[in-house]
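Next up: the structures, one after another.
Both of the next two complexes hold chain A, though its partner changes from chain B to chain C.
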Partner chain A sequence: MRFLRRGALSLCVVLVAVSIGCNRDDSVRIGVIGSGGSFAAVQEELRKGATLAAEGLNRRKAPGDSSLEIEYRTAANASELRTRVGQLVRAGVSAIVMTENLVEAGGSRDPAREAGVPVLTIGDSSRRSGNKAGVFRLGPGSEKQAAALANWLTATRGITDVSIAAGSGDAWSGSGIGLMTSALESKGTRVASTVRLSEGIDYLQPAQALQAAGAQAVIVWAGPAESARLVNAIRTIGWDVQLAGPGLLMHPSFRSLTGRNSDGFVAAGPTLAEEKWMGPDLRDWFLDYHDRFTLLPIEEQRTLVAAFPLAAVRSFDAVSIVAEAVRAGKSDDPRKVGEALRRIDAYEGLLGKYDLRTKGGAEETGAPRVGRFLNLAVVYDVEAGADLTRASAFYKTQVSAFYVPQRYLDTAEGQKLTERVLEDVLTNPETVEFFTQYTAPRPPPGPV
Partner chain B sequence: MHRRRASAGILLLVVLVAAWSGVAPAATPQPQMTVAAHSLSSLSTVASGLSAAEPPIRIGMLSVFDFAADWMKNGGQMAADDINAAGGINGRRVELLFETDSALGNQGVKNMLNAGVDVLVGPEVFTATQQNTAAIKQRKLINLLPLSPVGEIADLNNPYVYRLVPYDRIQAEALVHHLVDVKRLRRIAVLYEDDFLGKPGAGLVRDQLKFRGLTPVKSLSFNRGDTDMSTQVAALKGSKPDAVIVWSLAREAAHVALAAKSLKLGAVLAVPIEAAVGEYVELAGDAAEGTISVLPHKTINNWAPPGSWRANWFARYHRRFTINAYKGTKVPNLPIAQAVVYDSLMMYAEAARRAGSTDGDAVRRELDKGEPFAMVTHDFAFSAGNHETYSKEDLWAFRLDRGAATFAEDPRADVQKEREAWQLFALGLLFDRKKGVALIPYSIGTFPAPGPVRVVDLRWRVHGVQFLTHVDAGHFGLPPRTPKGKYAVVDLEVTNLSSAARKAPWVFAVDQASSLYIPDAPATAGLWIAGGPEANFFMFQPLPAGATVRGPVVFDVSKEATELQVGVPNDFIFSDYAMVSVKPA
Partner chain C sequence: MTLVLQALVSGIGTGAVYALIALGISLTWMVTRTLNFAHGDVLMVGVFASFVALAFGASAVAALVVAVAVGALLGLALEKSVFFPLRKRPGSLTWLLGVVLFAAVLRAAGIALFESRSYPPPFNFGTGGIDLPAGAVVPVQYLWIAGIAIAAAVVLDFAMSRTHYGRAVRAIASSRDVAELMGVNTERIMAVTFAIAAAAGTLAGLLIAPVTFVSASLGWVFTLKGFTAAVLGGIGRIRGALLGGILLGIFEQGLAALEASTGAGWLQAGYRDAAVFLLLIAILVIKPSGLSSSRSEEARYAA
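Moving on, here comes the complex of A and B:
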């Protein structure tokens, strides 16, 4: 496993360096905050990815060297966030890993910024992020995602009228309307209507309101659970409209809650090539993740498509990057760690190459990829000039679980999965959809 | 994903002593015969073309318990019909005389002797045989025991008595060996039914423990017909046993299992085969899970593969009498006891044909020659010195899992292979999903490739087969799929002749060594991936009315496989199926 070899090498240097430069105690501490609201679905993934990184590094440390500790906190809302960040700063963490909406919520009184503690965001990032503010985004920012969606809807699908539905909860959801409106209008696309969803109501009402506005597409900018409710409502009323949303909806819980209603939903996700998805580094990582935390197919659905915890991978990368910065800065002092982070120009993580020198923050190279869901799989065939042979192969690889190594199948969960599928095949063959044929997107204009 | 190599296939367990599994016996044995000798009922059928002048060969079918009587009736009728349809025995038709003697069979044997039967099948209680052994010997009456597990034939010193099932001593040996020598359990308790079956069984267990320097940590009993075993189980729990060997009939053993679960006994339950099947599974439900017993290691792979006459015997039985699934499971309650009864008659018929006579000495000489009689449950081969069918080495340990047996428990097992066999059996291969009952497929024959085969509204042909060392998806640097043995890629074409759309059906294959394989889904998917956007996953491809599709199906077959029989059932779950024999070009 290449990344583990790299990790092991990194660790040795990190911990030797820190044993020289450490000024508090024997541990290097990294804070991790799992947030509520739209990002609640990834909360646990954040912790697990960070834990896996720390455990891997600690396993390989030399005797006497410092170990890595994860200080994990959760925050249900913005005010809790400020409290948690303050707690972590006081606990002496070298850096904090969290989701972007907490950065937004930090506002002018950001304890991390005041103390010079660098923050790495694993999810979407807003325009307020940036390395100069000590905030390093590790994925395509919300602005970029909005721009990618607007461009795809307009240029690729020829859609001229778009409605926007934003989630009810946090600042991140609310920002969706502004970000998408701005991105769409820059392309000359009309915003037919905007809806701010409201928890607790019947989502058929906003679905019907959106339909009445006559848009050709609906942007759903909310957390997975809330988005799923709206998508299910839209499909329930029989509205065959193009649906699209941010990369957060790549989270498997969205497909778990929508099932085949997710077919044709387009999301602007991470810049992750198919070779990377299916490559040995990630495959090995997912096996390690499974051994530690269990990795299953998307829940509540008859599918072999795995519930890949991409947020956990990002969190793993974030912790690994901080460790690399500690090594480079020869200190776990947060300000020195921050300085070292700003110098990282080509860290090879699981999800891509990270360049933290960029003005807007750290990003893996390339623009967000726009993909659709088909039979619960992610398919990259909706962009102009897409290679359908490659796209269909990617689809089939996911739905047939061709990539799953025997090592997984030999685990208890793998055996259960085998038995579940076999039972389904034996007793409900007419409804087996695991191996449903690939179908190319419908030609534009209109929904895929 | 379903497994690459289903080499094991269905566990068509030849559960040789399933006989005892079902219904509770009568509460109190009757002191009198229920049927007098002169009023024995004849249920035989007479095949046309048999000589009316020759007197029929009269086969006595004697049982003690009601459930055994049912097995005798079904298995015996099926055999008699088959024998008569094939011209009888030496031109004489056979006639069955049934009797049930609930007073443990002693008088029943006498009645049969008085009735002048030519051969006696049963009873299941060995004391009846023991008490009448002199008369049987004097009459030179062939006496076949398909349902009697107690005692040893050798002790009778009677050359006319043969047993067709494992007996209790070798079961006790095999069980204790597995628990103590293999699983390294030391604290063994014994709980037995206080009757002709349980007492000697418990004694044999104690002997086996003693041989290993052990004594039971507790030894308790119950009466036949008891349903509340909580007192005994609570007492056993106090002795902290690692395992409890329960020697009884199925119903009582099930009540022990229920009490053990209720009282959280926390010990392995082990039982002889007569207690582990049939009603045990139905009554005990989840409490039966994990129970250990022993059986001859016979599965569809090494014994009754699809297309074989043995597999078809079960299909024929199902069509005539209906085989149900155990309540709450997808596991068929296979008529093994009936099959052994059937075998008794068929083996006798074959021996009498070979001898050209029904004379007891002539028939036993044929039976004792050691030349196998290939029957449903076994290739029976006896010698003058051994009239037992099985030895201890023939018995493998198995464990009940979701109502089905898995031989993965035995240290001699290929665990993966046995697990796959169990999966197919437990998960519904022999289950009619529409009717909720068991369904045993029937093979209509094996045909040469590449000619078309039609089964009801499905026409199919095998264009060829090729063996591959791996399957490469050809994308994203994915590692190729490699087989445990080698991949057999079958080029299959299917036409839907019905007026309704359907999906392309399930496919299976059997190699020349009788190993059964189901498709290797990941390897088949590899070809699907490599085939480009238009390629379909063959088995699940929608098939409109009148449409024809063609595609590859991959099996992970053994390295030694040289030719395959490919089967395509009309329905996804087999109703009828044909097979095609194919070799690689």
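Moving on, here comes the complex of A and C:
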């Protein structure tokens, strides 16, 4: 009996010592959550970008004596997202980086807000939150994207009837109909029809229903895979209509799944500083990314256009910004990190300058840009007053394999792809145009 | 009119895929009297195997063969690891746990290796479509799917009635013990049957990939649809699987047409699936043996 009591006492002492030891861990933890549903395509990119940032900062000892640790979680739906946020809060993270905040994901209770843990969203966020609520947007929100699309369709393209197709996966895709309807009606544009996609196998019927409404353009507001299925179905029924969608469809998987059907698709992209895109900083970053995770051209397409991991760049910036806030606030306490984030006014990130002082976060500093896809590359030439010389240069940079690391092109696979593409250029007149010519869009409201 | 005609075309196209999957589920049912809930996940691994083969420089035909072979081998592995060890305990539900775990491991491995996103199809069996009156379209893809599903059903039906293998499967389906007493190598027949079932499923996955794309999480959806189609047509019957698959496809697409004609998605994915399962329950209550007649199939095989 006495032996048992001693044993139990010793065990307690050991457990207390271990728990004290754990609590004295001096690492700074940043939570990262990759969402499922519409955002499944960017899930892994979020982790990779955050990991790359943490590794780089730790090498440079940027957060000071502490080391940065990424606590990565995935969430398939809104309820899981809430659970993961709660887990990260309990794990003592200083901030959470995720694609969308809980309010947007359809939740009412937000454990991060309750605990004062700041959240940095790299995807979308509604106006219902802002930096005062501890949510910092690093990209333009859905409303701004909807407004940019409506403005382009109406003012630049001269379109008067638009149909909207929204995905079924989550609250974000479901919000597309309301957001786009408000944005279009405020411009005096008629919403010809709306379709809520169902996760069926065949999308020909929604495509035909949209066609029957007689719209001049279709907004596709869903994740890359669901959007690609509808776009392919629309082109299969032979309907040559203007297609457009939110910035999420800038993700390379959308172009990978639609192939040449993506030509002419217009997306309201994140605010981009063009000089950044064509500059050496981003290219060096892509090389680092390639060394760590491999960066390839867009999958299953005969192209040397790189699959830009835009979400990875954004999460890299997000983690770097949190590290900067920890440094400036001299604390990894979430509330102090939140206060320090609110004071950040000109953080020079990979994608531009971030000013988090404004109500809604960085997006307030710039409007989304509207671009189109051409030969699987992105061209910013469709807006009124667009700089066609710069757009042309940006297009040519992309199709010239500028972003695909030479180390990949030197591999057997890379060489094979290059040979195939070069063979296409030499033998197929259509692909000669791909690499050599750039055609500015016809004046509105001409056909796509 | 367009939507009705398109519902019929799309129903036959998607239904043919369900039929190919149901064929596999029916075959494994015949030799084990259990349901293979890992069928969809096995076929997804087969489809992903074609990506790996293509990445290693295999031609399209070689990659297709590799995919079907990997699917078949995995079917074999499933039989050897889960169903064969439990053959002597038909009343036990351990097989259910085993097969669900097998499926979960495949799915988790798929997500770990290929992430949660969708991939473009490894092969395109033709693009574009054939225009029908009233604006409906027959995608070239669907012609391939329907053709291959019907051919597979015809070949399997012939094999069941005219070959030693078919007679052995029917004997096992009737009574494994009696089949063994009659000299049937039940072990080998079960292994071959699982391999054929998985190969047919992989073929279905490859055929539908240009429409649904490829993702590690699609397996479970295919299992559910294939299971519904098999029960609808009468589980354990080849023609029943074909009939069940096509009927399920047309029913689903009919609902989609109804939804598309009314506009804003009152019948969303979950409800559409619920409607399909309500239909299944109704069939099970009204005609538990499925819509196709078991007597006519047995008489045909006996002849």
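The rule is simple: the second predicted complex is superposed on the first by the 377 of 448 C-alpha atoms of A that agree within 3 Å, B and C clash if a C-alpha of one lies under 4 Å from a C-alpha of the other, contacts with A are read in each partner's own complex, and residues count from 1 in each chain.
Definition applied: a contact is a pair of C-beta atoms (placed from the backbone, for glycine too) under 8 Å apart; a residue touches a chain by one contact, two chains touch by 3 or more.
Because the structure is a prediction, the values reported are computed rather than measured.
Undergrad: Applying the touch criterion given at the start, work out whether A:224 contacts chain B, chain C, both or neither, answering first, second, both or neither.
TA: It touches chain C, and chain B stays clear.
Undergrad: For A:243, is the partner it touches chain B (first), chain C (second), both, or none of the two (neither)?
TA: A:243 contacts neither chain B nor chain C.
Undergrad: So in the superposed three-chain picture, is A:305 touching just chain B, just chain C, both, or none of them (first/second/both/neither)?
TA: Neither partner.
Undergrad: Answer with first, second, both or neither: which of chain B and chain C does A:177 touch in the superposed model?
TA: In the superposition, A:177 touches chain C alone.
Undergrad: Output check: A:212 vs chain B and chain C. Expected answer is one of first, second, both, neither. What do you get?
TA: second
Undergrad: Name, in rising order, each residue of chain C that touches chain A in their complex.
TA: The contact residues of chain C facing chain A are 2-3, 6-7, 9-10, 13-14, 17, 55, 57, 115-121, 127-129, 131, 135-137, 139, 208, 211-213, 215, 252-253, 256-257, 259-261, 263-265, 267-269, 272.
Undergrad: Applying the document's contact rule, which stretches of chain A touch chain B when the two form their complex?
TA: By the definition above, chain A touches chain B via 274-275, 277-280, 304, 388-394, 396-397, 400-404, 409, 415, 417-419, 421-423, 425-430, 432, 434-438, 440.
Undergrad: Would you mind writing out the residues of chain B in touch with chain A in their complex?
TA: 1-3, 330, 419, 423-424, 427-429, 431, 433, 473-478, 481, 502-503, 505-506, 521-522, 525-526, 528-530, 532-533, 536-537, 539-542, 572-573
Undergrad: What residues on chain A touch chain C, complex-wise?
TA: Those residues of chain A that touch chain C are 36, 40-41, 43-44, 74, 166, 168, 177, 193-202, 204-206, 208-209, 211-212, 224-225, 228-229, 236-238, 253, 256-257, 259, 299-301, 413, 416.
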